[in-house]
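What follows is a pair of complexes built around subunit A, which joins subunit B in one and subunit C in the other.
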Partner chain A sequence: MAQSYYIFRSGRLKRKQNTLYLEQEIEDGQIRHQPIPIENVRDLYLFGEIDLNTKLLSFLAQHGVVVHCFNYYGFYSGSFYPRENNVSGHLLVRQVEHYLDSQKRMAIAKEFVHSALFHIRRNLNYYRNRGKKVDEAIDVVEASMGRLQEAQDVLELMREEGQAREAYYKAFNEILELEEPFEKRVRRPPDNMVNALLSFGNSLLYAATLSEIYVTQLNPTVSYLHEPSKRRFSLALDISEIFKPLIVDRTVFRVINKGVIGEEDFEAVGEVKGIYLKEEAAKTFVREFESSLQETVKHRKLNRHVSYRQLIRLEAYKLIRHLLGMESYRAFKVWW
Partner chain B sequence: MYVIIVYDVEQERVTRVCQLLRRFLHWVQNSAFEGELTESQLETLKVKLKEILDLERDSVYIYRFPDKKFVRKEVIGQEKALVEVVI
Partner chain C sequence: MEGLIEDEEFEQLRTNGVKVNYWAICHRKVWLYAKGLRMEPLSDRVALGRILHERAYPDMPRREVLVDNLIKIDLIEHESKLLEVKHSRKLVDAARLQVAYYLLYLKWLGAGELVGELRFPKERRKEEVRLTPELEAQVAEALRDIQRIEQLPSPPQVDFMPICRVCAYCELCWG
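What follows is the complex of A and B.
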């Protein structure tokens, strides 16, 4: 059972004795070796300053290991996406066909947005049942959901989603026990604790989704809700949209409300003050995030337990079935 | 499934066994490894082990658990290596 490895230390990643080694110089020139069982690696998340060479990259490619790199501030900077083993020209043609035909594209994009809003409402309902005043936000989200069917193009979908999210983020002040109120979602750079956590969590989820897409035959650059732009694997953005409220937001609520991570775990860096997680807190968050991904639920159709991470992959498989005309795509919605 | 493997092999084969296990599991102590494996990974590992071992002299014990949560681990004294995915 492959696992994700999150490497915060700095050092050199090496291929040695046919497995992975992290070598790190500690004081007085001594080198600490940390072996990592290669057969057990699904993907690597590099946060530290890591040296590596092409020998290592081809070794990782052999084992189909995707490597995600994050910069000093914990922002996603890119992935090593090994040569695809599972390619399908047939599916790629279908993927593009569904992008070019605006009706077909809308059908898929709507599902993504609908599911994302559905899960946002789930989160809000959860807190309403616990006596938080989030009714206003729920109304806005539901109104947006109602208007989705009439949306004519992707821009309109995006607008509905944006409105719903704005109301949702306003409700954060009710949900979270914060010293300073959460004003609005700000990126690049995040301006407060909540934004920093959301940014960090979203980039982890984006990378995890990309790893899952890698296993399937889908081409990660052709997307439906987001424009398939340059530089990014935008299909991962599309699919992770569905899971953000369930995985990232809930993890953020948990770490803040349980006091696992607090104001003291952040630091302001840069000319335009950005707020960033300190290393120890980032590790804590990653652990929480990973345990959210590993949490399992009983799948009704498959009749077995699947983890959230596997649900992401199942989503990709459902999309493939849709594109090949086997079954129309119904985005994942929590059923419990 | 969660697997614990301990081995007692003649010195000339120790390194090879250790190196093989390192590819699949986490080293926890001299001659002891543990970690998460699938059924097929364990089969592969067994085949490879048999290629190295002298079955007349060496011995490898494999303990398997359906899930990590059934393993309660206590450490007395030094913890030699951490089984962690956040490094």
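What follows is the complex of A and C.
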């Protein structure tokens, strides 16, 4: 079974005799060669300073391994997305057709937002049942959900989503045991612990979603909720929207409330009012995140256990079914 | 005989062998495969089949003979027998149709009447395939229908079948 490899240490990734090797300098100048069987690798997450060459990239491309790079501060910097050898011009044409026709585009974009808000409400309900005062946020989220049907364009959808999220983030102060109140969501750079964790988690999820899209024939640059842009694989942004509350937010709640990660695990970046995770805490978070992705549920139609990660891929397949006219897209909503 | 295929029509309908095989199993799969939605690279079962194919009959020299850049014959024995290696006999009808199509193709190329054989090395079984008028008519029907399916704007609707569970396309169709 293929798996994700998260590499924090610095060193060199090499292709040697059709296997992947990670070489790291250990004490007294010795080099440790750690083999990584290529057949087991789904994708690589590079956090450390890793040297590599084109011979390695070709080898990874040959095996369809996507490489996600993160900079020194743990911020996502980009992916090596190998050439697809499994393409469908027909599907690409359909993907674009559904983008150009505003009604068709809205139908898909609405599903993304509706599912995202559904899962946000789900998180809030969970905490309400545990006696937290989050009713106000739930009302706002539900009101937004109610207005989605009438939304005329993507901007309006984004606005509804923004309002709901604002109320949701405000409720974080109820949900989380924080010393300093969580004011608002700030990105680039995040200005406090919660924002830093959310940013880090979201970029991990974005990368995982991109890896899942890679194995399908969908083109990752043609998206519906987010505007297709040159800089980003925006379809991964669309699809990860659905899973953020379930995977990222819950992981953040868990690590903070259990005290696994606290203020002492962060450092400011020089003069900039930004916060980044120290290496040990980043590892802890990645471990928690990966275990959320590996959690499984019983799929009713397939009648087998699927992990959250597979659910992301199934979402891509559902989108394909929609684009090919097999069945209307209904975004994933937790059924348990 | 009714349903037999003329040379001209054959030329225009010819396609690759996998589609003929798929046609006997699931029409939706034919459409998806034809449009470049290929799921085989992800399937462990397909990988098993490939390994079996590579390891079976190591002494036979003529392997993976690609004809016209279109059909790929697993093995050719003694210049006259086409062998098709399969993992199990579960989908023997589809395999038979595929081999019949190869035989028809080579006949159309002027190779004369050849013989085919299905090989199931794991089960230590084999089955000879000869081109009968009935089989030829079936191939003709398949080729005509494959063309019709490929022209559909959307994949044909199908019901969930037990075979879906082991199909490489399962998650794409039903996930």
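Here, the second predicted complex is superposed on the first by the 335 of 336 C-alpha atoms of A that agree within 3 Å, B and C clash if a C-alpha of one lies under 4 Å from a C-alpha of the other, contacts with A are read in each partner's own complex, and residues count from 1 in each chain.
One rule holds for everything that comes next: a residue touches a chain if its C-beta (ideal position, glycine included) is under 8 Å from a C-beta of that chain, and two chains touch if they have at least 3 such contacts.
Only a predicted model underlies this, so the values are computations on that prediction, with no experimental measurement involved.
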{"item": "First, second, both or neither for A:83, with subunit B first and subunit C second", "value": "neither"}
{"item": "Touched partner set for A:40, first subunit B, second subunit C, both or neither", "value": "first"}
{"item": "Contacts of A:5 with subunit B and subunit C, given as first, second, both or neither", "value": "first"}
{"item": "First (subunit B), second (subunit C), both or neither touched by A:215", "value": "second"}
{"item": "Which of subunit B and subunit C A:287 touches, first, second, both or neither", "value": "first"}
{"item": "First, second, both or neither for A:321, with subunit B first and subunit C second", "value": "second"}
{"item": "Subunit B and subunit C footprints on subunit A, overlapping residues", "value": "none"}
{"item": "Subunit C residues touching subunit A - in the complex, by the definition given at the top", "value": "35-38, 41-42, 153-155, 157, 165, 170-175"}
{"item": "Subunit A residues touching subunit C - in the complex, by the definition given at the top", "value": "64, 86-91, 215, 217, 299, 301-303, 306, 310, 313-314, 317-318, 320-321, 324-326"}
{"item": "Residue ranges of subunit A in contact with subunit B within the complex", "value": "1, 3-9, 17-19, 22, 34-40, 283, 286-287, 290"}
{"item": "Contact footprint of subunit A on subunit B as seen in their complex", "value": "1, 19, 22-27, 35-38, 41, 44, 85-87"}
